[in-house]
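The following pair of complexes shares a single chain, subunit A, combined with subunit B in the former and subunit C in the latter.
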Partner chain A sequence: MEKKFFSFKIFFFVVALYVVLLSAISFGLINSYWAGILNITLINIILVVSLNLATGFLGQLTLAHSGFMAIGAYASIAVTKFLSMKGYFEFPLALICAGLLSMTLAFFISIPAMKIAGNHLVIITLAVNEIIRNLIINLNIGNGSSGLRGIAHYSNFTIVFVITILIIAVIYLLLNSKYGLAIVCIPQNEMLAKSCSINTFYYKLAAFSLTAFFAGIAGGLYAHEITVIEPNMFDYSYSLELLAMVIIGGLGSIEGSIISAIVLTILPYLFSFAFDLRIIIYLAGMIAVMMYMPNGLFSQYKTFISNLTSMLKEKKLLNLKR
Partner chain B sequence: MILLELDNVNLSFDGIKVIRELNFKICENQIVGIVGATESGKTTLFDIICGVYNPTSGKIIFEGQDITNMSIEKLNQLGIARTFQNGNVFQNLTVANNIRVGFYNSLSYNILDVLARRDTFFQQEKYLTERVDELLEIFELVDLKDQLARNIPYDLQCKLDIARAIATSPKLLLLDRPTNGMTNSQAEKFMNIIEMVNRKFKTAIAIIENDINLILNICNEISVMEYGTIIATGEPIEIKNNQALLSICFGE
Partner chain C sequence: MNFINDIIDGLRSGSIYALIALAFSLGANICGIINFVNGEIFMISIYIIAFCYGLKIPLILSVIISMIICALFNVTIEKYIYRPFYKHPKITGLIVSIGMAFLIQNIFVLFFSSDPINIGNTISGQFKFGALEIEYTVLISILIAFSLMIATYGILKYTKIGKIIRAVCENYESTTLMGIDADKIISLVFAICAVLLVCSGCLFYLSFPIANPYIGTMIGLRALAASIIGGLGLIQGSILTCVSGAVISGFLIGIIETVVKSYISVQLSDVVIFAFLAIFLLVNHKKYK
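Right after this comes the complex of A and B.
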C-alpha cells in the first residue's frame, strides 16, 4: 500500500460537492423542502453504510437499526433539553451521548445475540427493535406515543454533511486494514478465520456496537432535523427499509450503499405526484434488482458496469464478440 | 526434541467416548502420518490438538507449556496451524488476500494507527505485501495472485490452504487429508510440496491420510488409529508390512 494521507481526488470531489450543494441551498436553487430531503438522505446514507458494515461485510443480518436510531434520537433530545445551552456546544455533545448510549445497549444485547447465527439473529434483533419502541411508549418516555414536538432544529446541511463524510471515511479506512480483512473473512468460513488467530466473537461484538454507535448519531441528527418525533417512526418497517437499501446497493459495497440510499430516499419524493403509483414503481424496481442482479447494484467483487454487462450477456441481450 | 505431547487424553460427548486414552507425540521437524479407517477419530484428534474441542481429561503439552484448555485463536498464536478436510479457503477473497489473512497475527498496529494514517500502519502493510509475494513465489501461485480463490482449480486451492496456514508461521502444521478429492498424480505431486514445506520452513507436520502408500516415503513415523485411540506407531515400512494391523483397520 502506498503511503498517503488521503486521496486528493476524492478530497476535492467531496469539497466541490459540498460547495455546490451549499451554494445551491443558500441561493435558493434548492428550496427548503428539498434541503430537508437532502439532510434526510445524508442521514440515511449514514444508516445504510453503517448497517452494511454489520450485514454486508460481517454477514450479521440485523433488524434493530431503527431501534438504535430511536435510542440515539431520544438521548440527544434529552441532552439538549437538559443542557439548554448554545447549539454549537450542546449538539455535538448530545450526538456523542446518543451514539455512546446506543452503542452500550448494542454491546450488551450482542453478547448473547452474536452466539446465534443467521435467521435466528434476525428474529432477535427484530424483537429488540420492538422492545425499544414499546418501552418508549409504555414507560412514557418523552410523552409516550404522542411524541415530542418543538425540538431545536440544529441539523443544518453543514453538520450533517461533515458527519456523514467522517463516518464514511472511518468505515472505509477500517475496512482497508487488517480489521477489514478479518471482518470480510468471518462470514465466509468462521472456523478457518479462528484458525488464523482472528477472534471472531470479539469482531462481531465490535462491529455490531460500532454499527449501533453510528445509528445513534444518525438518530440524533434525524431528531434535530425533523423536530417532531414519535416512537412509531422507529418501528421495524424502517429497519426493513434500511436493510432493503443495503441489499439493493449490494452487500459489502460502500459505494453501492451510498447510491442506493440516495436513490431510494429521493425516489418516493420524486414520485409524490403519483401517490398510488409510487409504491408500485418502488417495489417493481426492487424486484427487478433482485431478479437480475441478485448481488445488488454494486456487488462486493464487481462494479456496476461489469455487473450490468455480465447480466446482459447472460440474458443474450448483448452480443459482444471477443 | 518433543514438540507436542498428548498424555492420556479422553474426550466424550454426553458420556459417549470418542477419544480414549490417547497418547501421541510429535518431534520437531518431523513428518508424522496418521492413518485409520473412516470414523476412527483422526479428525477429532486434530480438533483436540488445535482447540476446537477441549479434552474431558488428560493433558496436552506444546513446547513444555500446558495447552489443554486453550482456544483455537490462542493456539494459533502459539504456533499450531491446521487445514480442514475439504480444501478450505476463503472463497470470495483473492489468492493474495487469502495469504494476507494468514499474516493477521503478525500485524501489530491498532485502530488509531489506521485512522490517523501513522507510519507504523504503512510500514507494516508494505512489509506484509512483500511477505505475501514471497510466499506466492514459493508456492508458485504468483500468476493467480488477483484471482478469486473460488475460481482457481481444486488442487491449487489445497496448495493455497497450506500457504495460508504457513503464513501464520506455525511450528506445527496439521494437515487433515490434504489430498482429499485429488487424482493420484496430483496427490503424488502434492506430497512433494509437503516435503518442501517441512524442509524450508522447519515445521513439524502431522498429516492424516487414508492411503498409506501415498505417505510412505515422506513420513518419519506413522500412527494407526482405530476406535478413537492410537493402536500402533512405528516406522512407515514396519506398519506397511504388518498385514494383521492393516487388516484390522482397512479390512484388507
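Right after this comes the complex of A and C.
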C-alpha cells in the first residue's frame, strides 16, 4: 500500500481554513478575546500532538511536557528581550532558540532516563518538571516566582497557524517514514524491535528530543501570546491536562489529538462555570475514557461514521449508488 | 547541636514519609499499580481529624473514625476504578491513579478552597536530654512509625494472612487456583494501606500546625521517592524487602529534607530530593524493572 505524502484535498482545506479564519478576525467577526482563545487552541494542538508522539506512538509516558514548555518560554523571552530587532526578524529566531534549548535539555535528560522503563520513567519526568519549576523560582530567573510582565505580543494568528500546520505535517511525515515505523513498533514489542536490528535506544532519544523541541516552540508562542508568565503556570497539573487531552483524543491518533485539543480548550471558555471545573472534567473524562474506550473518544470517528452509514444503508434510509 | 536538632526534626517528618512509603510499597506490590491516591487519603485523614477536633471528639476516637472512612474510600476506589486495569499494561493503571489523585485534590480545592486550615496541636512540651531538647511529638512519631513497620513486617512474615498476601504478590493466578479469593486479599491490603495513611496523617496533625489540599500530592511524591529508593520495583525484591526498605529510606528522605532546608534553601529541598531519586535510579537502573 502506498501512502500519500501530499494530498491536495488536505492542502486546500488548510488554506481555505486559514483564509476563512483570517478574514473573520480581520473583519471583526471574531473579536480579540476569541482570537486569543483561537491562538491558545492552536498552541495546545502543538502541545497535544507532540505529547502524543512521545506517549501514544513511542509509548514513553512523560509528565515533563510543561517543564520543557517553561524552558522554551523563558528562552524565547530572553532572546526577544536582549535582541532589540524587528518582531518579524527576531521572533522566529527566538522560537528556534527556545526549541533547541529545551531539546538539548531533553536529550541530556533522556540519555539516562530512557534506560528506565515504564512506571519509573513517569516519576522521573514528574520529578524533572518539579525540578525545572523550582529552579526557575530559586535561581531567580526572570524575577523568580513573581514572573515576567510586558512581554511583546508577537504571536499573531498567521504565525501560530503556520507553525501549527508545519509541526503537524512534520510529525505526520515522520510517522509515515521508515523512522516512524521504527518508533511505532517500539511500544508494541521492544524485544522484537531490537531483534530486527532497530536501535530502540536511539529512536527513543530522537523522538523524545523532538517532542521537547516542539514543546519549547509551543512555550515560546504561549509566552508571546499571553504576555504575562510566571513559573507556577507550568506545574505538573498542566502536564496532566495535556495528558488528559491526549488520552481523550486517543493514544496514537493525530486526528484524535487535534479534535480533542480543540474541543477541550474551547469548552471551558464557552461555559463560564466550567472554567474552574475544567481540570476535574478533564481528569474524570480521562479516567472514563480509559475504562470504557481505551482507544480514545475521537480516534474512532471514522469507524463510528462508517458504522452509522452501513446501518442506515441496511435500513434503506440512505440511497447511495452501489 | 544545631545539626543534631536538625536530624531529630528530620526523623519527625521522616516518620510521616515512612508510613506513606509503606502504603505505597504494599499497594504497588499487591496489584502492580503505584497508587497515587495514597497521598490524597493522607490529606483527607488530616481534614477528618481536624473536623473531629472542631466537634471536640477525643483524638483516639477521631483517628478510628478517620480510619473507617478512609479504608472504605480506598477499597471503593480499588474495587471500582483500579480492578478493570489489572490485566492491562501497568502504565495505564499508573495514569488512572495519577488522574484519580489530582481529581480528588481538585474536588477538595473546590469544596474546601485552597486556603490552609489551622489545626490545633493537642500534644506539646519537651524534655531535656543534656543540651538537647526533644519534643514529645518526635518521640511519639518515631515510636509509631517503627512499631507499625515491625507490626506490618511481622504480620507479613509470620501469620497465615501474611503468607496469603505474599502469595498474591508473587502470582495472582496461581493463588486463585489454590482457592484463595485474591480480589478480597487485594481489598484487605488496600484497607491496611488506608490505616497506615491515617496513622501518618495523625502524626502530621500532631507535629505541624497547618494543612491545605495540596499537601497530599507534595508529601505523597516525596514518600513515593522514599519507597522507590527503598526497593519498590526491584527485579529481585519481595514485599518484605520493600516494607523494611520503605521505612528506612522514608527516614532518610526526612533527614535530607530538613538538612537541606536549614543549610541551603527552603524551596530547594524538593529539588534535592527528586535529584537524589533520579540519580539513584540512574545508577541502579539495571536492578529495576
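In the analysis below, the second predicted complex is superposed on the first by the 272 of 322 C-alpha atoms of A that agree within 3 Å, B and C clash if a C-alpha of one lies under 4 Å from a C-alpha of the other, contacts with A are read in each partner's own complex, and residues count from 1 in each chain.
In this section, contacts are C-beta pairs under 8 Å (C-beta built on N, C-alpha and C of every residue); 3 or more make two chains touch, one makes a residue touch a chain.
Keep in mind the model is a prediction, meaning the values are calculated, not measured.
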_With both complexes overlaid on chain A, does A:140 touch subunit B (first), subunit C (second), both or neither?_
neither
*Can A:283 be said to touch subunit B (first), subunit C (second), both, or neither?*
second
*asked:* Just to be sure I read the superposition right, which of the two partners does A:247 touch: subunit B = first, subunit C = second, or both, or neither?
replied: second
*Looking at the overlay, what does A:130 touch: subunit B (first), subunit C (second), both, or neither?*
second
*May I ask you to name which of subunit B and subunit C touches more residues of subunit A?*
C
*Return first, second, both or neither, reflecting whether A:23 touches subunit B, subunit C, both chains, or no partner chain.*
neither
*Which of the residues in subunit B end up touching subunit A in this complex?*
50, 52, 71-73, 76-77, 81-82, 84, 88-93, 97, 100-102, 104-105, 107, 109, 111, 114-115, 117, 119, 121-122, 125-126, 129, 148, 164-165, 168
*subunit A residues touching subunit C - in the complex, by the definition given at the top*: 59, 61, 63, 112-113, 115-120, 122-124, 126-128, 130-131, 134-135, 137-138, 237, 240, 243-244, 247, 276-277, 279-280, 283-284, 286-287, 290-291, 294
*So in the complex, which bits of subunit C are touching subunit A?*
34, 81, 84-85, 88, 90-92, 94-96, 98-100, 102-103, 106-107, 110, 221, 224-225, 228, 233, 265, 267-268, 270-271, 274-275, 277-278, 281-282, 285, 288-289
*Can you list the residues on subunit A that touch subunit B in the complex?*
1-6, 170, 173-174, 177-179, 181-182, 184-185, 188-189, 191-199, 300-301
